[in-house]
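Next, two complexes with chain A in common: one pairs it with chain B, the other with chain C.
Coming up: the complex of A and B.
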C-alpha cells in the first residue's frame, strides 16, 4: 500500500487517505477497504460501527498505521481486526 | 458572499482568538488561509475546557470555531530546522504572513519579518500584539482581558464609581474579535497598496491600540478637557439635560433605551408612542430648548409611562416610533430579532462531531453584495498537512521524511 492512496469503505461512506502503513489489512466497518468502491456496499459489523469523523486521523498503538478520514461514514476503522484510535491534538489545558 | 479576497493566500502562525479572528475574517472574504499549528498540541485555543462556567465540547467548540472557520490546518513544529524549511516553502506561496507570536519566539524559531522576507520579499507581514511592536514592553504578551479591557481604561470608564470594583469584560474574546477585524482591515489596505505600488508593508495592530481607537472619542475629550467621566449607575429615567436619552424600566423589569440626541420633530411622536399624548401639549415641552429646561419633569412622565407595560409590549409597539430607541436585549433575545436575522448574521457550518446537527456561528460585520456567507467548519488540528503540501508539488518521499523527523504532522 502506497502512502497517499485513497481507500474506500465496503461497509459505509467512509474514505481515508493512507498517511502511513505497514503490513496488514486496512478495514472499515469490519470489511477490507479498497481503492475502488464495491458495487454493493454492505453495512458495518456491530463491533466496528462507531463511525469516522471528517478530518480526524486514526492510528494503531504501534504507530505503524495512520489514516486521514477524508469522507466520514458509519463504520469504524481497524487493521487486521484491531480497532484504530483517534489521534487527537493534545492542547495545553485552558479555562476562563 | 462575493469573495473579494479570492486568490489571496494567508499564512497564519497564531494562537487564541485575536489574530486568528483576523484570519477568519479574511477566510470569510474568500482568502485561502493556512493555519499552522503545533503538530502535537495544536492551537492552545483547542484546550479551552470552560468558558463563563459552561463546559465546551471539543468537537463542537464554539470558541475555536468562531476565529477559525473556513481555514485549513497544517501541523508544523516550528522549533525544528526542517519545520522552518516547510514554513518557508509555504511562505513563498503566500501574500500575507499573519502572526501573534512574541518577537523573541519569532527570532528563536526564525519566522520574524527578515526570515520570511528572505524567502518572499513581497509578502505582507502582519503582527497582532498585546501592547504594540515598539516600547519597553514589546516582548510582553497579553489577552484582551488584560490589554483591551483593563489596562486601556475601558474597564474603568465602563464601571460606575459607586460599584465596589471594575466590571469584567463579560464577553469572551470581545476585544479580540474587534481587534481581529481591525487587523483584517489593515491587511486589506496593505494588499491594495502592494497592488498599486508593488511595495510590501509591515502591519501592526495591538489589543491596546484597538481599545485606544474604540475609546478614541472619550480619550480625546479627556485630553482636551482633563475631565474623566465614567458610566453612571443604572437607573430608570432620562439624562440630566435630555429626557429622551436614557434607560427606562418596564413593568416586568426589562429596559428600553431612548437615544434621541437631537429631539427636534420627535417630541409629540415620542410622547404619543409611550401613551402620554397629553404631555405633547404641555407648554414645558413645546420645543427642544423647553424640553431641555424641564428635563426632570419630562423624565418623570416617561418613567411612569414605561412602568405601565411589559418589555415585550414595548419591544413591538415602539417599532413605529420615529426617534432612536432600542430594547435592551439579551443574546437570546437577539436570536429572535427579525431585523438581525434578516441580515444573515448567523451562519451554519457542519459540526465536527458528525452528528449532522449544524453548528451556528456569527458572520463578520462586513457583507459584500448583500449575499449571505457560506463557509466551512474550522479544521481539525493538522487536518490538511498532506493535502496542502501535495498541492504545492512536494513529493511524498519528502513529506514522509519530514513526518519521520517530527517536523510535520
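Coming up: the complex of A and C.
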C-alpha cells in the first residue's frame, strides 16, 4: 500500500484515497478494502455501519493512517479492527 | 493523488451546481469535468510535452489546468504581458507544447512546427466535443502538475515546478471539501499565470465555492461583478484594493449610487506589500468584511502564512503599538508549514532578529526545472528577508537580494522606507543599493511626494533617518519621482529604480 492508492469497500459504496499509511489492513464496514471492487458487494457489519462522508479525512489515533473519502457509503472505516476518526481541522480563512 | 480528483469530487457531489461564471456564461461542475476530460483526450492526441495558456482567464484556463493534470502533462500558464523577446524565450523552453490562446503571437515569436496551437474558442469546443477518460485512479502525485515561470524581478525567469503532491497537500491542509454554502461566490481577478490565480481555482472548486472570473481587472468591472453576482469572497493584490477604494470614492464624490457589496464577507490579499494606511482605510470602509493577508510564493504552492480577520480587527482597533504593528505582518504560519529565520551561515535566529525566511512542508516544492533549492532537511530558502516577533508573527522586509550592504553592514530597505513614509509629504518611498566608492554600496532613496504637497526637503528626510535609525542608514542620494515602477501584480521593480540612480 502506498499514498495515492484508491481503495474500494467490499461492504458498501465507499471509496477512499490513501493519503498516508503504515502496516495494517484498511477496512470499511468491517471488511478489507481493495483496489478492485468485488463482484458481490456485502453489507457493513453492525459495528462498522456509521457511514463515511464525502471529502472527510479519516485518521487513526497515532496519525499513521490518513484516508480521504472520495465516494461516501454506509460502512465506516477501520484499520485492523480499530475505528478511524474524522480528522478535526481548524477551519482557516480563505486565503486565495 | 492527482489534482483533477478535486474537480471529480465536486462534480460527483453536485454535478448541476454552478461552478464558474465567466463573461456571463455559467458552467456547472459536470460541465467543467466533461471539458477537462475532453481536454485531456486532446492533449494526449497531441503528444506534447507541455500545455500552455497564453490568454486571459476564462473557462479554458480551468479545462486546460485539469485536462493537463488528467493527461499527466505539465500545465504552463504564460504571462501575456511579457515583452516579445522574453515571451519568445519562454516559448522556446516549453516546445513541443499545446498552446491555447493568442496563436498569431505564438507563431510570430516561436515558429516551432512541433507546437499545436489552438484558439480559446476552438480549445473549449474541442474539449466539449471529445469524450473519454475514466475517473482519476491511483496516482502517487509525483508528476509535475504546474510549471510557472517566476516573475524574474531580479534575474531571468526560473521554471518553478509544482507536483500534484505539493498542491494536493496545500488544498487538503487549508480547505474543507464542499464547505461553502451554495450562495457563496469567490471573485477571482488575478491573472491565470500567477500562483494565486491557480490556487484560487483549486481552493474554490474543492470548497465548492462558485468562481466569478474577471478576465481583466478594472475597478468598475470588479465592483459590478461583485455586486451583480453577490460575491462573498475575493482575492486582490494591494494595487487592486487601492483602485477599488479610489473608484468607490469617486462614486461618492459624483453622488452616484454605490454598488451593493453587502454579501462580501471576506477579502484576502497578498502578492505584494500592503501599505498600512490602505489596509486601515479598507477596514473602515468595509466594517463587516473579514480581511486576510496571505503570504506565499510560487515555490510554496501559494499561502504559507496568514493574518486572519480577527487579528486584523484587533490590530486596527488597538492602542497597543505591538498589537497595532501586526497589521504590517503576514501573520503566522499555517499549521501544516514550518517557518524559520536564518542568518547567512544558515544558523537559526531568535525572535526579533531579521534574516532569510526558510519554509518547510509538504506543499513546499522549492524545485525548479533545472534543480531543487531545498536543503538536505527539506527547507526552502525563500530569498525573502524578515523576522518573527515574540508571539510568532512573521514580518517581511523585502527580498534578501535587496539588502543593502554598506561597508559590511546589512541594511534592509524596509526599515528606511518605513521611517521616510511617516513624513506627511511622502506618498511612497523606496530604498535601493547604489554603488559607492567608499562603502561598496550605499543607500539610494527615491520618494514620490504626496499629491497637494510640495516635495519634502532632502536634508529633512536624511535627518529623520539619522534620528530614528543611525547614520549608516542615511541616504547618500535622494531622487524624487511622480510614481514608482511596479509590475502588474503590484511588485515593486527595484531593478528599475536602481537604473534611475545610474543615470
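FYI, the second predicted complex is superposed on the first by the 90 of 96 C-alpha atoms of A that agree within 3 Å, B and C clash if a C-alpha of one lies under 4 Å from a C-alpha of the other, contacts with A are read in each partner's own complex, and residues count from 1 in each chain.
Just so it is clear, contacts are C-beta pairs under 8 Å (C-beta built on N, C-alpha and C of every residue); 3 or more make two chains touch, one makes a residue touch a chain.
Everything numeric in this text was worked out from a predicted model, so none of it was measured.
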Partner chain(s) touched by A:4 [first = chain B, second = chain C, both, neither]: both
A:37 touches, of chain B and chain C: first, second, both or neither? neither
Touched partner set for A:17, first chain B, second chain C, both or neither: both
Chain B versus chain C as contact partner of A:71, first or second or both or neither: second
Which of chain B and chain C A:51 touches, first, second, both or neither: first
Common interface positions of chain A, toward chain B and toward chain C: 2-4, 17, 19, 54-57, 68, 89-96
Chain C - residues contacting chain A, complex: 1, 5, 8-9, 12-13, 136-141, 165, 172-179, 186, 196, 199-200, 203, 207, 209, 233, 235, 266, 268, 270, 290, 292, 294, 296, 302-303, 306, 308-309, 334-335
List of chain A residues in touch with chain B within their complex: 2-4, 17, 19-20, 51-57, 68, 72, 88-96
Contact set on chain A toward chain C in their complex: 2-6, 17, 19, 35, 54-57, 68, 70-71, 89-96
Chain A-facing residues of chain B, complex: 37-38, 40-52, 58-59, 172, 350, 352-354, 379-383, 386, 390, 396, 399-400, 403
